[in-house]
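Some structures to go through are shown next.
Two complexes, one shared chain (chain A), two partners (chain B, chain C).
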Partner chain A sequence: MSSNLNLLIGIAMGLNLVALASGRLPSLIRAAAMQGVVIGVLPLLMHSEFHWLVAAVSAGTVVVKGFVIPSLLQRALRAAHIDREMEPLIGFIPSLLLGAAASIGAIGFAGALPLRPEHAGVLLVPGAFATVVCGFLLLMGRTKAISQVCGYLLLENGIFLFGLLLIRSTPLIVEAGILLDLTVAVFVIGIIVDRIQREFDTLDTRKLTALRE
Partner chain B sequence: MSLFIDTVLRLAGWLLLAPLIPGVINKVKAWVAGRRGPPVFQLYYDLAKLWRKGVVLSHVVSPMHVAGVAVGWVALVGAAMLLPLGEGGLAFRGDAILFVYLLAVARFCTALAALDTGSAFEGMGAAREVSYAVLAEVAVITGLVALAVESGSLSLSTMLTPSPGAGVALLGAGLFIVLLAENCRVPFDDPNTHLELTMVHEVMVLDHSGPPLAAVLHGASLKLLIFSVLLAEAVLPLGAMPAWAAAAALAGAVLAIAIGVGLVESFLARFAFRRVPLLLTTAFLLCLFALLTAWKGSEFGVTESSVAERGAPAAEPFFGWRP
Partner chain C sequence: MKELLVILAPFAGAIAALAWPREGTRRRLLPVVGAAHAVLTGWLLVDPPAAVEGSWIGFDAVSRAVLPAVSLLFLVCSFYGLSYLRLRPERGNRIFVASLCGLLGLLSLSLQAQHLGLLWVSVEAATLSTVPLLHFNRTGRAVEAAWKYLLIGGTGIALSLLGSFCLGYASLVGTGGGDLTFAALGREGAALSRPWVLAAWVLLLVGYGTKMGLAPMHTWKPDAYGEAPGIVGALLAGGMTTAAFVAILRVRQVVDAAGEGLVANRTLLVLGLFSMVVAALFLLGTPDFKRMLAYSSVEHMGILSVGAALGVGGLVASLFHVWSNSITKGALFLSAGNMRRAAGSSRVPEATGMVWLTPVSARVFAVGVFAITACPPFGPFFSELQVVRAASAAGQTGAMFLFLGCLLLAFLGLTRLAFSVLDGRPRRSADASRDRFRETAGILVPPLVFLAASLWLGLATPEWLRGLWDEAARTLTYPG
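Now for the complex of A and B:
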């Protein structure tokens, strides 16, 4: 069971790198959605006996992160009629190498942490670190608003991986609140995307540096 | 005496079977396109024809033009002889390093022979060939290091006995991309193109003719066979099978790789030059993560029982490195 868990977290860490290397917005959104589905399945694998709280968290995460948010983003993409190519501030190869270095560094770093014995053999903590760093890299290194949302999603996925360590003691209401916040944030970004698009004919966040009445 | 016969048989096998692989690839491409295609043995006919022809040499070339081709071909044959096929054969500690260097020598000599003509096109082709190789070689070496770490040995005959796991899949994918890059197959180079500006490997040999060109073509097919066998042996646990099953599995795997290359060439367009480094970096990272699973896999690929065996770490310093 632990090796299945590690395989899925490994796939999620691979999807980080796919997200960093993808040059087009739809493939980035797809990578983030797939990662959402993969980490949504994880809570079911962590405990052998069935528990309704765990199942609810898992189902909610898969539905919201794997389907609702990506479809919102794709709608925003279609509505805005924007160029699908990304213009990276940090090039694809440097960001890919940075992401890989972060993944390897996270595994080394997690080995140095005083983890509980039942958490020492799983990739949860290194996966969480790596996903957070890759999310930050996407947030910093891409200029389009939608790719920054995907970076934010990756960041949240990493925090979710951390949260899995404590899933038994986290109330369902907290998980539901996080998913709701995430959806609202994506809504807000969708509206921002629409506004930027009407104002500037582009989604480049570099043009949003000056305030004007 | 039996060692001598064994070596001669291996050599004959490598040399005679190599031109079959491009034939299979071309046949697969023809089938996918709905054509009949050239016969599978076409390269044998081409080589025989070229061998009978005379050599036309430019009057500006030095002896390096022909010697480079010859040295490159011999280096490739040497690299092929280092790959283990069943029991016996050449095997010594560190032959993996010699293998990598022989492949590098072959490339260096081909590039040198191309540069020797002084043609702008051939210089350009050589420059592209070596700039792809810089990235592909890193991936090959990382893959071999992954195998070495996993088996704890530097000899190809013991390194190429993989244990199943996630690392093998990563390594196989990485080495397949390297195979395509090193042999100038489609996402990197189109072997059928005839536009000098876009050719990579083919443009390097434009000024060769007759027997030297035959050596170049045969060397290229031999290199394809070397990488196919390397990939097959790095992925399949051949050492655990009986000899006849291992031979059948190896032959089947090499055939499958040739068909795979043919399918990739049929369904994929060639990548733009600026996208090639990204793909090669991906191959490098795949091999790097295979290395990581070989190195850390015992820590994380473990079952729960062995985690329990290790037990709770006793009073460790915060942030202290665990040995």
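Now for the complex of A and C:
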């Protein structure tokens, strides 16, 4: 059980590095979406017996993080005609190195914290901290709005990973994390609305000059 | 049940605003909601509901000490909103009115939340509901401000969720209970796992500190307050920050119960003093009077945080300061909003000679600046004096002198900018501006009421209010 869990968390941590290394927005969005699906499956693997709240968290996460938000981001990308290349503030190689260092550091840091017996030997805590740090790196190290949103998604995925420690005792608070996805949705809507408004503005000025003799 | 009404009434107002068909009369909902909320809060004060063990929502001593301030702030602001929205017929106000009412409901919820998760949900939802308020002017700068607010505030709120998880896990590792109400967490006390409590404290302090606007997480504040309408600035500076501060106080109480109160107090003191230093330095340089109010807000959040670090006496002073700061900032933001509309700008070379352009607002602003920089006999003087006393009683002499030094620097910065805005020759001729912008009673009375309330708080602080602060401060400290 815990080896399957660790395999998936390992994949999620690998996707952090893929996200940090992506040079183009569509591949960054794909990495974040895949990570969303991977971590969405985790709650089902955590415990052998079936519980409907846990299943609901899992299904909701896969749908929202894996499909709804990525498709919204793709739409924003099309609506806004954003240039797909990224202009990093922190270069790709340095951010990869920092991300790898964060992953190793997270494993060391997590070793210093006490865990419940059933969570010992599971990579949830280091995976969560590594993903949060990589999310921060993307948030700070990229200039494009959409890449910042992807950084925020990673940050949120890391928090979700951590929340899995609590999913048995207090599933509701973990579910509340869905509000963070709402924040992301507001971000994306903001990008789309802003662009559309700007296009209306230019349309209006063109009309104004057309009316002149 | 009564304590739920104070949350549900504003939500009902928000739904009514969304459904209201007529653009011209929708704004009248604001004073109706504000008055209903004030009446309900008064009812709660007179006839407090019995505390229910294990309840997620409760009108406890802390909410009793703070919720009336938010209610008063909203009530007066709602009358200003009535006149303000009449001046802005070109902007649709459906979302604006609904967001304002929703914000009031969510603030009432977060001040009464007795559960870690519910507290987080309410603060997160309140953050989201303020985004359309910041975006109201739809200028490029307003979009930028809203974006920064959402990005920085959203990151802060995400970290506070992580912190909440850590605190939950501290309880799980300790006793294995999954009850995340503050009362239950406090009862677990020393049984909570210390390393996780410390991790939670750092994350929650950074997270809610971002919402509160403590330096160095304050960077969204100048942009947001600079671009938002005055009424939104007043509600953010007096309401949103108060909710975040109360969240920090409630978490501090749990950390204190777990035996790490010393660490919590020390970090609050350092962060508070750092905020005051940063704000004082920025106040000396900014040329924009609305951004100036934002830095002043950072400074006052620092004062709250310093007070919270100084034991019962400091906590009483902080709760007093929540009132005096919210109410005085109300006068400043509303009068600054009037001046901004008259001058067409809030930066110094463009906006000068406001005494001629907007005589009454400019005078309210000047008096408000003196009030907020702790000139007697206004409220902030007495609450800040109480913080200083608490610092000297706690033996924090160094902190006390740094505190006083920052107050002096902030005084210099605020008065320097305020007088270069008020004095001088108006850029626009006074007559032309009078055609464009008229100071009506509707936009003058609310800031005057705030100023009067600040004076009342300073000169004749009611005994029942002092009693509420004392009681709240005692419940917020761990007796052991």
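Criterion: the second predicted complex is superposed on the first by the 174 of 213 C-alpha atoms of A that agree within 3 Å, B and C clash if a C-alpha of one lies under 4 Å from a C-alpha of the other, contacts with A are read in each partner's own complex, and residues count from 1 in each chain.
By definition in this document, a contact is a pair of C-beta atoms (placed from the backbone, for glycine too) under 8 Å apart; a residue touches a chain by one contact, two chains touch by 3 or more.
These numbers come from a predicted model, not from an experiment.
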For this session: Figure out whether A:Thr143 sits in contact with chain B (first) or chain C (second), or with both, or with neither.
Result: neither
Exercise. Can A:Glu156 be said to touch chain B (first), chain C (second), both, or neither?
Worked result: second
Exercise. Looking at the overlay, what does A:Ala120 touch: chain B (first), chain C (second), both, or neither?
Worked result: first
Exercise. Which holds for A:Ala112: it touches chain B only (first), chain C only (second), both, or neither?
Worked result: both
Exercise. Where does A:Ser27 make contact in the superposed view: on chain B (first), on chain C (second), on both, or on neither?
Worked result: neither
Exercise. Looking at the overlay, what does A:Gln74 touch: chain B (first), chain C (second), both, or neither?
Worked result: neither
Exercise. Which partner does A:Gly10 contact after superposing on A: first (chain B), second (chain C), both, neither?
Worked result: first
For this session: Could you pull out which residues of chain A sit against chain B in one structure and against chain C in the other?
Result: 112-114, 116
Problem set entry | Sites on chain B touched by chain A in the complex | 166, 277-278, 281-282, 285, 288-289, 292, 296, 299-304, 306-308, 310-313, 316, 318-322
Exercise. Which of the residues in chain A end up touching chain B in this complex?
Worked result: 1-3, 6-7, 10, 14, 17, 21, 92-93, 96-97, 100, 103-104, 107, 111-114, 116-118, 120-123
Problem set entry | Of chain A, residues touching chain C in the complex | 112-116, 132, 139, 145, 148, 152, 155-156, 158-159, 162-163, 165-166, 169-170, 172-174, 176-177, 179-180, 182-183, 186-187, 190, 194, 197
For this session: Give every residue of chain C touching chain A within the complex, in rising order.
Result: 116-117, 120-121, 124-125, 127-128, 131, 138, 143, 146-147, 150-151, 154-155, 157-158, 161-162, 164-166, 168-169, 172-173, 176-178, 180, 193, 195-196, 199
